[in-house]
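Shared between the two complexes below is chain A, which has chain B as its partner in the first and chain C in the second.
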Partner chain A sequence: MPSLDVKKKLEGMAGLPSIPRAAKHISELATTPHTPMKRLERAIGSDPAMAARMLRFANSEIYGFPNRIDSLSHSLILLGVDMIRGLILSTRVMESNLAEAEALWRHSLAVSWVASELGVRVGLKDLERISLVGLLHDLGKLALLVLFPGKYETVARKVRINKLDSLAAEIEVFGVGHAEVAGQLCQSWSLPSSIYAPIVHHHSPDQAKEGFALAAVIHVADVIVKAAGVGHTHDTYVPPVVNDAWRELGISEDDLKEVVFDAAGQLRNLELLDPFSG
Partner chain B sequence: MASSRDRRRSILIVTKEDLFGQGMSSALKSKGYRTWVATKFRLILDRVYLAPPDLLLLDEEATREGSQDIITWMVAGDFQGRVPLIIMVDEGGLARVARMRRLPVDDYLIKPFAQEELLLKVDLCFRRRERQWERNPLTLLPGNLRIIREIQRRLDIDEPFAFAYSDLSDFKPFNDRYGFSRGDEVLHMTARIMTNTVKELCQQRGFVGHIGGDDFVFSTDADIVDEVCQQMIERFDFVLPTFYEEEDRERGFIVSLDRKGNENRFPFMSLAIGIATNETRKFSHYGEISEVASDLKNFAKKWPGSHYYRDKRVR
Partner chain C sequence: MPAVLTDKLKVGMKLCQALYTDKGKVYLPAGTILDEKLLAELSRARYKYVRVDSSSLSHKKAAPPASDFEDRLEERFSRVALCPFLRLIKEALKAAMTTGSQG
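Then we have the complex of A and B:
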């Protein structure tokens, strides 16, 4: 399948759907009077589709600062309460492939969390952006799953039977991988490069021209989460870490063991991964 | 950014009767309008949010499908200026239009109507808006005439209110360093933060206007103005660094040219607000209250960082 078809479909896509539980929880908060903004922000920041929706609208041409806003909290301040509410109530909800979408959602939350932990250890400053990019890093997968549910099955099969990693399998099936798909989406939504560059390069941080450190952190976090077996992303084995990522981040083996150990413990804690359970 | 005059006006038609909508659409298109027809609001929300129409032609029944909030939001949108609303009703519907309090209806058409009538109503609606809704071409906030009219109205009814005059300190060196288009982005950001804050804390009783350049004004109930200013300043200071490049953000200042053309260090921009209220002293004209607020704003600029200063004199 030529990547051009994927590109066309992406352009015609209205927006990514949220998983029903997340959408329900967020809508309830949004329609409850006097919900503190911080609480609403936490809820929105737990759903990749909803968070992306807010960023997209805050960066839209009509507000006058496209490609500028790279933080969820800034987006919400600039959109204002009425607009946020409108965007939440009019959001799309995932209707099929729910199990897949939920697994992907768990994976994204876990990467967001582990990336923040790593970010602290390697001394990165903008923790909010790290956790946001972690949350959004697999937007491309969600888009492919929504646009081509049947074909995405084929990817899963190739991963299982041919022992490919999911990126390679996607390229075989779609002619393009999820990282690049996410890049196209982010660009069509006028998101700033500080968000999309690390998303595009989360499998290839060594090729990132901008935001290497963040791409590397997301990359390592992605591998750790896959190793810990949280959520799933079709990959049945743990992909290798790009060499430079370790070196450049300056993580020692001991450090890493600690992060993996901490992460494994934390990730087992389902409370953390299910902010909508209570 | 192009002002609304530079492009063709867009009209959104919402009606369940698709054929009827298409008929209206082709008549309007023949007059050079851009139109789009929707049978259901929910299907077009993203588009409405991204590019609000210049006029809304609404079948009455569309107001019953749980879309009132969106319609109200769109019609009241502070940024694009209020979108005029023409409602289409059956002959028996006039009394219902008269009772519509939540929807600010501008005009009505009784179905069935002739094409000429449709075109004339639409044209008159736009002409009326041009007369009444003068606005700043950059931020689309109300401009000087509307500011004067609105503040004078508040002075005349003689209820307590607060009037604030505000500008950005160190805006000029920022423009010199980053260029006008980045400066415009900051003005857009400031306009949004002001409007969101005023609206969240004062709903429809608040007012925000853009005098020009980096000069803004707003008006709120007198008892809430401190909270409005504190929130506004907090949000402005929080979002502002995004508009600076990383190297400047790291060192916390910019290097730009001063008035004499010499290179100099300048702090990040800050928001200065001066507030006058008619609680303890009497103002009869816009000019008076605006001069006092502007002086207090200059006073607020004497300290580094964002500040507001409130008039405490009694006269």
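Then we have the complex of A and C:
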């Protein structure tokens, strides 16, 4: 069970801050006349905090859309240009722990990319949602980093010195892991279960009652990305793996090898996928 | 075949995979060399990233020594039991390194 402190702070959390260069880049695009909407969507879809903000507003009671919205492109269409601009320009920016936040963002972007590649191989249809869930899968870590920077440093110490994996260290320190934190956050923002269920279970796809395939894809992508060396600043170790996840996905060994081989080269040139670098 | 974010494409890059429309028709065939006009079109299109020929990239990083890579790889795998799945990933990463794909 999460501590009351964590639960209370999460309930009052209206949004997450973006890394400064992402916020700057997206703001510039939003205020430049005639920026194609697809270009703005791609930039927003590369920043977990900004993407979550758009989804949250599209799913808010103010709009009252009858169905939950689980796609970024759909959210942007529903919100409209003026609202999107307003949300972008009023977004908060990360002011401390920048190195950790950047590493977290880089990891999220890499998982989003590898998950999409895996999704194609296993024949999943909704590639946009796979990419989005990959991008958002560590939202809980960002929330813990923002809300409890001091305690988050204790987690980092436990990983480094006590050799705990980061999820176990979080549970020791906060009484809850980042996957569950993300789930609570997504629910409080009224995001649909098709988004938060695979996020909650990205370390335990075997326990997912809904969205097993997507949770398994994110789990496998997360492992590949960490194995290829795109982890967080303190958490560079390959996490415990749910052995059956990739078998249940039905991906062949050859396909998996190809994805890993490709990812290894690609992740070395991550700046080619980084919309916010010069 | 590196994937490059659409916004990062540059004139002279060569597509190594065809791009298709939503209806499944070829929009740009593999081998197309991008020019200003195509870059402008792609900036308005739905593709998040495209695959280009690595020889058409203007910058390439020098790979660090293989021993450094192997040490880092061993360190990353040091806290987890090596099941068949992880062994496969580790071997694929090593293979990528020996063929120059990995740094």
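As a working rule, the second predicted complex is superposed on the first by the 269 of 278 C-alpha atoms of A that agree within 3 Å, B and C clash if a C-alpha of one lies under 4 Å from a C-alpha of the other, contacts with A are read in each partner's own complex, and residues count from 1 in each chain.
In the analysis below, a residue touches a chain if its C-beta (ideal position, glycine included) is under 8 Å from a C-beta of that chain, and two chains touch if they have at least 3 such contacts.
It should be emphasised that the depicted structure is a prediction, and the values quoted were computed from it without experimental measurement.
Peer 1: Quick one: classify A:45 as touching chain B (first), chain C (second), both or neither.
Peer 2: Only chain C; A:45 stays clear of chain B.
Peer 1: In the superposed arrangement, does A:74 touch chain B (first), chain C (second), both or neither?
Peer 2: first
Peer 1: Contacts for A:8 in the overlay, against chain B (first) and chain C (second): which applies, first, second, both or neither?
Peer 2: The answer is neither, since A:8 touches no partner chain.
Peer 1: So in the superposed three-chain picture, is A:86 touching just chain B, just chain C, both, or none of them (first/second/both/neither)?
Peer 2: Only chain B; A:86 stays clear of chain C.
Peer 1: Can A:157 be said to touch chain B (first), chain C (second), both, or neither?
Peer 2: Touch partners of A:157: none, neither chain B nor chain C.
Peer 1: One more residue to check, A:64. First (chain B), second (chain C), both or neither?
Peer 2: Once the two structures are laid over each other on A, A:64 reaches chain B alone.
Peer 1: Counting residues of chain A touched by each partner, does chain B or chain C come out ahead?
Peer 2: When the residues of chain A touched by each partner are counted, C comes out ahead.
Peer 1: Do any residues of chain A touch both chain B and chain C, and if so, which are they?
Peer 2: No residue of chain A touches both chain B and chain C.
Peer 1: Quick check on the complex: what are the chain B residues that touch chain A?
Peer 2: 1, 42, 45-46, 49-52, 69-70, 73, 79-80, 138-139, 184-185, 187-189, 192-193, 195-196, 199-200, 235, 238-239, 242-243
Peer 1: Could you list, by residue number, the parts of chain A that touch chain B in their complex?
Peer 2: Where chain A meets chain B, its residues are 14-15, 57, 60-65, 68-71, 73-74, 77-83, 85-87, 89-90.
Peer 1: Which bits of chain A are touching chain C when the two form their complex?
Peer 2: Residues in contact with chain C: 36, 38-39, 42-43, 45-46, 113, 131, 163, 165, 223-224, 226-229, 231, 236-241, 243, 246, 253, 256-257, 260-262, 264-266, 268-269, 271-275.
Peer 1: Can you list the residues on chain C that touch chain A in the complex?
Peer 2: The touching residues are 1-8, 43-46, 48-49, 57, 61, 72-73, 75-80, 83-86, 88-93, 95-97, 101-103.
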